[in-house]
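Chain lettering (A, B, C, D and E) follows the sequence in which the chains are written, and residue indices restart at 1 in each chain.
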Amino acid sequence: MAQAARATKMNTAPQSPVIAAENLDLVFQTADGPVQALRDVSLTIDKGDFVSFIGPSGCGKTTFLRVIAALEHPTGGTITVNGMSPEEARLNRAYGYVFQAAGLYPWRTIEKNIALPLEIMGFDRAEQEKRVNNVLQLVDLAGFGKKFPWQLSGGMQQRASIARALAFDADILLMDEPFGALDEIVRDHLNEQLLKLWARTEKTIGFVTHSIPEAVYLSTKIVVMSPRPGRITDVIESDLPRERPLDIRDTPEFLAIAHRVREGLRAGHAYDD
Amino acid sequence: MAQAARATKMNTAPQSPVIAAENLDLVFQTADGPVQALRDVSLTIDKGDFVSFIGPSGCGKTTFLRVIAALEHPTGGTITVNGMSPEEARLNRAYGYVFQAAGLYPWRTIEKNIALPLEIMGFDRAEQEKRVNNVLQLVDLAGFGKKFPWQLSGGMQQRASIARALAFDADILLMDEPFGALDEIVRDHLNEQLLKLWARTEKTIGFVTHSIPEAVYLSTKIVVMSPRPGRITDVIESDLPRERPLDIRDTPEFLAIAHRVREGLRAGHAYDD
Amino acid sequence: MSALADTARPRAPGALSALASAVLPVLTIVLAIVAIWYAASVMMNRAWTLDQIARQNLEMTTMEIVAATMNQERPVLPTPHQVFNELWSTTAGEPIMRERRGEMQGNPRNLIFHAYHTLWPTILGFGIGSFLGILLAVGIVHSRAMDMSVMPWAIASQTIPILAIAPIIVVVVSNLPALNNAVDQGWISEDTKLLVPKALISSYLSFFPVVVGMVAGLRSPNAMDLDLMRTWSASRGQTFWKLRLPASVPFLFTSLKVSIAAALVGTIVAELPTGARFGLGARLLTGSYYGQTIQIWSALFMAAICAAALVILLGALEKLVLRRMGARP
Amino acid sequence: MKATAIPPWGLPALGAALIALAALTDTRLALILAVWFGAWALNATLADRARGRGSRFLVPLIFGVTLLALWEMAVQLYDISFVILPAPSAIWARMVTETATLWADFQQTILKGALAGYIMGCGAAFLAALAVDRSPFLQKGLLPVGNFIAALPIVGTAPIFVMWFGFGWQSKSAVVVAMVFFPMLVNCVQGLKASDQMQRDLMRTYAASYGQTLVKLRLPTAMPFIFNGLKICTTLALIGAIVAEFFGSPTVGMGFRIKIEMGRLAMDMVWAEIAVAALAGSGFYGLVALIEKRLTFWHPSQRRG
Amino acid sequence: QDEVRLQLQWVTQSQFAGYYVALENGYYEEENLDVTILPGGPDIAPPQVLAGGGADAMLNWMPSALAARERGLPVVNIAQPFVRSGLMLSCWADAGIAEPADLAGHTVAHWFFGNEYPFMGWMNQLGIPVDGSENGVTLLQAGFNVDPLLQRQADCISTMTYNEYWQIIDAGVSPEELVTFRYSDYGVDTLEDGIWVLEENLDDPAFFDKMVRFVRASMRGWEWAAANPTEAAMIVLDYDETGAQTEQHQLRMMGEVALLVEGGNGTLDVESYERTVRTLLEGGDAVITTEPMGAWTHAVTEAALGN
């Protein structure tokens, strides 16, 4: 897959990639020996790509996303974001990040939690309010703005954290299992909303998920990863049209891609059944 | 559905129900007014039932599970567990509970976290070790016992918390979205393991999920809930055989039930699409 | 202490019972303590009374002996009613102001006068101390160099027995040219000037608990909370104001409560070498110098009442703030 | 992490400007400032660069040596009377010649008075916190009354304790107990409340007994707070034991020595004792902090540098 | 008006009546002086205040002042209102102490802070060690009051004729139950409350002149106080800012203090000075090691009393 990545890079020579990782290695030092979380990971993501990461638990998806976001520093290899180092990109507020856990600040109401990045980036009050209401609507939490996090159910908290990342409209969105705690219906709804947003704004999106249909439905590119050590085992370019109604999921093209993902995924597991 | 519940109760008159809820109400008092989390919820769960709860985020699934576990006290109605009050059942250590978030204690290694309930219930050292190794194997975390929670990925933490609840072998298992953070393959694997465990031990299981296939695949009874106020809108008895290979999911019977669940679920949502 | 906080909030029907549930336990404990206290005073004062009887060859019944032990003029441990009477007669029983050479001024025979002169430096010192403490904690959390160098010396500073250097501080500070200048210029009064060294010593004792608590508090946000801030490329200032500071609030209040009690001790210590002029410390000192145990105890109680009042105030503030910050009730 | 908006040359420039300004009015001040800035710059770079074990000790050492140098300079340059503030060199000279006295005083005050009081006081506060935590009745009754009693100032209680417990170290321990009780209590009570809802619920699902919940959940989560209390109390215990000796003591002890030497205007000896107190206090604090590091390695406040 | 700040060596009490009287009766004002009296306390070393510039003159016991002088703080006695020592040692009679030699094997509570030297010197003369050994005296550092004696934590305690002794009596002890040794009866008394200033200041004629006027007015105050003890005690009471003093005690103290100043006019008696120095030099753990030079001057009192 290193080849695949490099090939993509060449094809899009005029438009330089948004994210370009080459031979990334990352080793965590723990008390009982080192853990190789990423080994030789190479990947190129172009502007407007919607890239899903899928793979067994512990295969390094979160770690890779964190490397892109300069929250983790690779122990080997190179990576650039918007042609800069991830650190510089971070300082340029290049991306919004949704963590695997909601991570709302308990002393702020939902509203205030969502407004937090806006405050930090210096949006004015009126604009803050407009955007907060907007995204609250988007994740179906209108009316819950004045509640504190502990007064919300798990899924509602997760949606609030998604709203927070969407509020400030970064060019790159990094989302770590944002829809894990949501039911199918809400999930479908948010999937659609996300696709609309993506189509409208041309954002580049990195998306970790455990749902194969979700990955196929959303992505232009699906990265399958495998654990111990964490590495990329397959990069699948999706040729589905950009415009995707929900029932595209019953088309043979969709199922074919899904099948390939499932196979790739299964290869990374070691169950005897 | 209140009728359905009552009917079941009558059918099984000789064998008294494990959980019997009647007209449960639960209202949270919050700073900006009361929130009706449960309204008029009646449900009977018999010994050996595998009951799934499904419904939009915020509909009261967690709350209901917590009421059964005596972690929340209903403001109206009655509930018995094993013929006792939930509080007595709790004191009798009638159930194992898996929370929506992993909730591992950061000062204990994974191993020690899993051993925690065993220590509390007074298992001896050798037995503790045996059981810990057993469940670690079961959730595919062998080799991670000596790590601390923050050194594990989100999914791994979730699996550790499942292992913790399985370790002490309670007759009732209450699981709040235990597999939310897991990929399809691991999930399938754990689903199978759980079914095997259930078949072998005749446990009674209450299981919250957002996945319709998962609910149908696992359950003998599927409870569909709806929010604002949280209530039961449908109780679907599954007539699938107890022995369920993974490919049962492609049978028409399976799909029919899944369809009914999806319809029930959709009714609880208010999206215009 | 919760009594005050509870009544501060309007409560419809349960207000009375809530009040009762807050007061009743306190009352019970107080009664228990008073009982133990009486027993203890009889125990501890007995020797003296018996000694007196033996030396003067008196005949007394047991009841009379007990009564005598409870009403000695120089008891080892004064009884509650003695302390209470003294407290009462030196507060309510004395005018607060007195006339002296045609001028109205505070009456030094009234304990309230002394409490007043102790409270102000305490509050000022507490203000300075906690402000400095927070500042230092902020520095320590943000600068490695400060963490490594200042902290050990802040610790060392606290082991200096303040009473030993208090006289020097008082002498040096009250003779600072700047301060004298301010008095000459009429910017501050002579009384205010006397307050400065007290407040300084009081702040010296009160800053440390704040430093320790705040360093822990400012470091309490977990990795994910901090990572969030990093993803927004928040400046250190923003991370401080919007994450570290709110996260440290529970720690802050805990240390403030400790620190305000320390501030009061600081003021009282500082009052000893200002030459026993006024304030509860001076009162304690003279009481103790003339062996007037009852007077010492009443001054002690006054100090404790002041400290408790301040701690209660802080507790109420804490409740208010934490409630506004979404703490679960 | 990158520094803030201030450019790297900003601070040195500011320092130089300040020194220059000072030089205009007072060369002595300029000299002192120069030494200070120099040492600070050295320390800042050391702290940022080297992260090894060495700098952990080197940096505070440099800071301390600088402090002492500044002190010495101030005393020498401004000709400060020894009655007000003796120079470090004079203090050192005293420490060397009076080791035996210092050691005897140290034993009396720290090893007997302070340590015994610290252990008893912190232990009692901890037990009281458990009681308060266990019973809502006590929580409402004992805490306010405890607040009150603990607020009795040491200078008032010390003479009383001397009267009750005699002139020996026992009365000093009593003062220390009274002094450390409240800070410890407040921190323990706060700490016992620190576990979060879900962690407690988990214990409830196991029908864990009070004791089990305490040992396996509440105490671990209370640790950071308990150590906060323990740390604050180390210094309080020292001050308490020393100051208590001012109000009556046998003819040995750090507080006794400080008091009589102050009367004799032997300020160098006074400061020699203070130096011992500071060393002992820092060591004591350091020990507690070390134990804390060992026991609360999992807490966010300890996990990062 | 010229400013003078006087640092007392104890809290406001009749021991210092002369100065308060001079202030209240306007004697200082008549000398064109604006005098501030700074009360002391157990933790104030007046020499330190003097050195720190916190006062222009201090009251001090001679041992303490001479010790300061030897340590390099050049203080000079300019007047000595107290001509006799009021220092005593009071013991329980039933402790079996009939004369000083019996002190061996007993516990003595004493003030330190430089005031222990007369006692040390005395014990040294008697050949009694003060190390707490079997045949020696166990010394305790007393707080400020007579509780150690009353609680029988000590067999003897240091007292002043005008103060602590009466506290014992007030506590209900009859004089017969006590055995009291007056230092002056054993020739080991040292001079007490004298007025001291920094030597370098005296070179300044303006300061010198100020002190002349100050001493003159102060001695007037003392004269008046001795003649009108009741009124003097009331004046002291009025100046007590702690409000803790009692009338009875201050009245009695005034009477006793009057006995100590009686017959003096402020001029330092050289013979007493020499006895003080001798006592100190003979003291074991010496306060001073060499004969002080220039520790006193008659210049001020001569100027003050001359016209």
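To be clear about the criterion, a contact is a pair of C-beta atoms (placed from the backbone, for glycine too) under 8 Å apart; a residue touches a chain by one contact, two chains touch by 3 or more.
Owing to the predicted nature of the structure, the values given are computational and were not obtained by experimental measurement.
Colleague: Spelling it out: a chain qualifies if it touches chain B and also touches chain E; which chains qualify?
Modeller: Common contact partners of chain B and chain E, which must touch each of the two, are D.
Colleague: Can you give the shortest number of steps from chain C to chain D, where adjacent chains in the path must touch?
Modeller: When the steps are counted carefully, the minimum from chain C to chain D is 1.
Colleague: Select the chain at the greatest separation from chain B, using centres from the mean of Cα atoms.
Modeller: Here the answer is chain E, farthest from chain B.
Colleague: Which chain is the middle one, judged by CA centres?
Modeller: If we average C-alpha coordinates per chain, D lands closest to the whole-structure average.
Colleague: Tell me, please, which two chains come out on top when C-beta pairs in contact are counted per chain pair.
Modeller: Greatest number of C-beta pairs in contact occurs for C-D.
Colleague: Which whole number of Å gives the spacing of the CA centres of chain D and chain E?
Modeller: 38
Colleague: Where the CA atoms of chain C average out and where those of chain E average out, how many Å apart are those spots?
Modeller: 35
Colleague: Express in whole angstrom the distance between the two chain centres, defined as the mean CA positions of chain A and chain D.
Modeller: A distance of 48 Å separates the two centres.
Colleague: Taking each chain's centre as the mean of its CA atoms, how far is chain A from chain E in angstrom?
Modeller: 85
Colleague: At least two other chains touched by the same residue of chain D: list those residues.
Modeller: Each of 84, 159, 163, 197, 246-247, 259, 262, 303 in chain D touches at least two other chains.
Colleague: Which positions in chain B are in touch with at least two other chains?
Modeller: 101, 150
Colleague: For chain E, write out the residues touching at least two other chains, lowest number first.
Modeller: 42-43, 45, 48, 52, 143-145, 147, 151
Colleague: Go through the chains and record each pair that touches.
Modeller: Contacting pairs: A-B, A-C, B-D, C-D, C-E, D-E.
Colleague: Which part of chain C faces chain E closely enough to touch in the complex?
Modeller: Those in contact with chain E are residues 48, 52, 55, 73-74, 76, 100, 107-110, 113-114, 163, 166-168, 170-172, 174-175, 272-273, 275-278, 282-283, 285-292, 295.
Colleague: Could you list, by residue number, the parts of chain B that touch chain A in their complex?
Modeller: 28, 30, 32, 35, 54-58, 62, 100-101, 146-147, 151-156, 158-159, 176-177, 180-187, 189, 192, 210-212, 262, 265-266, 268-269, 271, 273
Colleague: Please give the residue numbers of chain E that touch chain C in the complex, ascending.
Modeller: Touch list, chain E to chain C: 7-8, 11-12, 38-45, 48-49, 52-54, 143-147, 150-151, 167, 170-172, 174, 177, 238, 240-246, 249.
Colleague: For the complex, which residues does chain D have touching chain E?
Modeller: Going by the criterion above, the answer is residues 81-84, 159, 162-163, 166-167, 245-251, 256, 259-260, 262-266.
Colleague: Of all residues in chain B, which touch chain D in the complex?
Modeller: Listed in rising order, the residues are 66, 69-71, 90-93, 95-97, 99, 101, 103, 105-107, 116-117, 119-121, 148, 150, 168.
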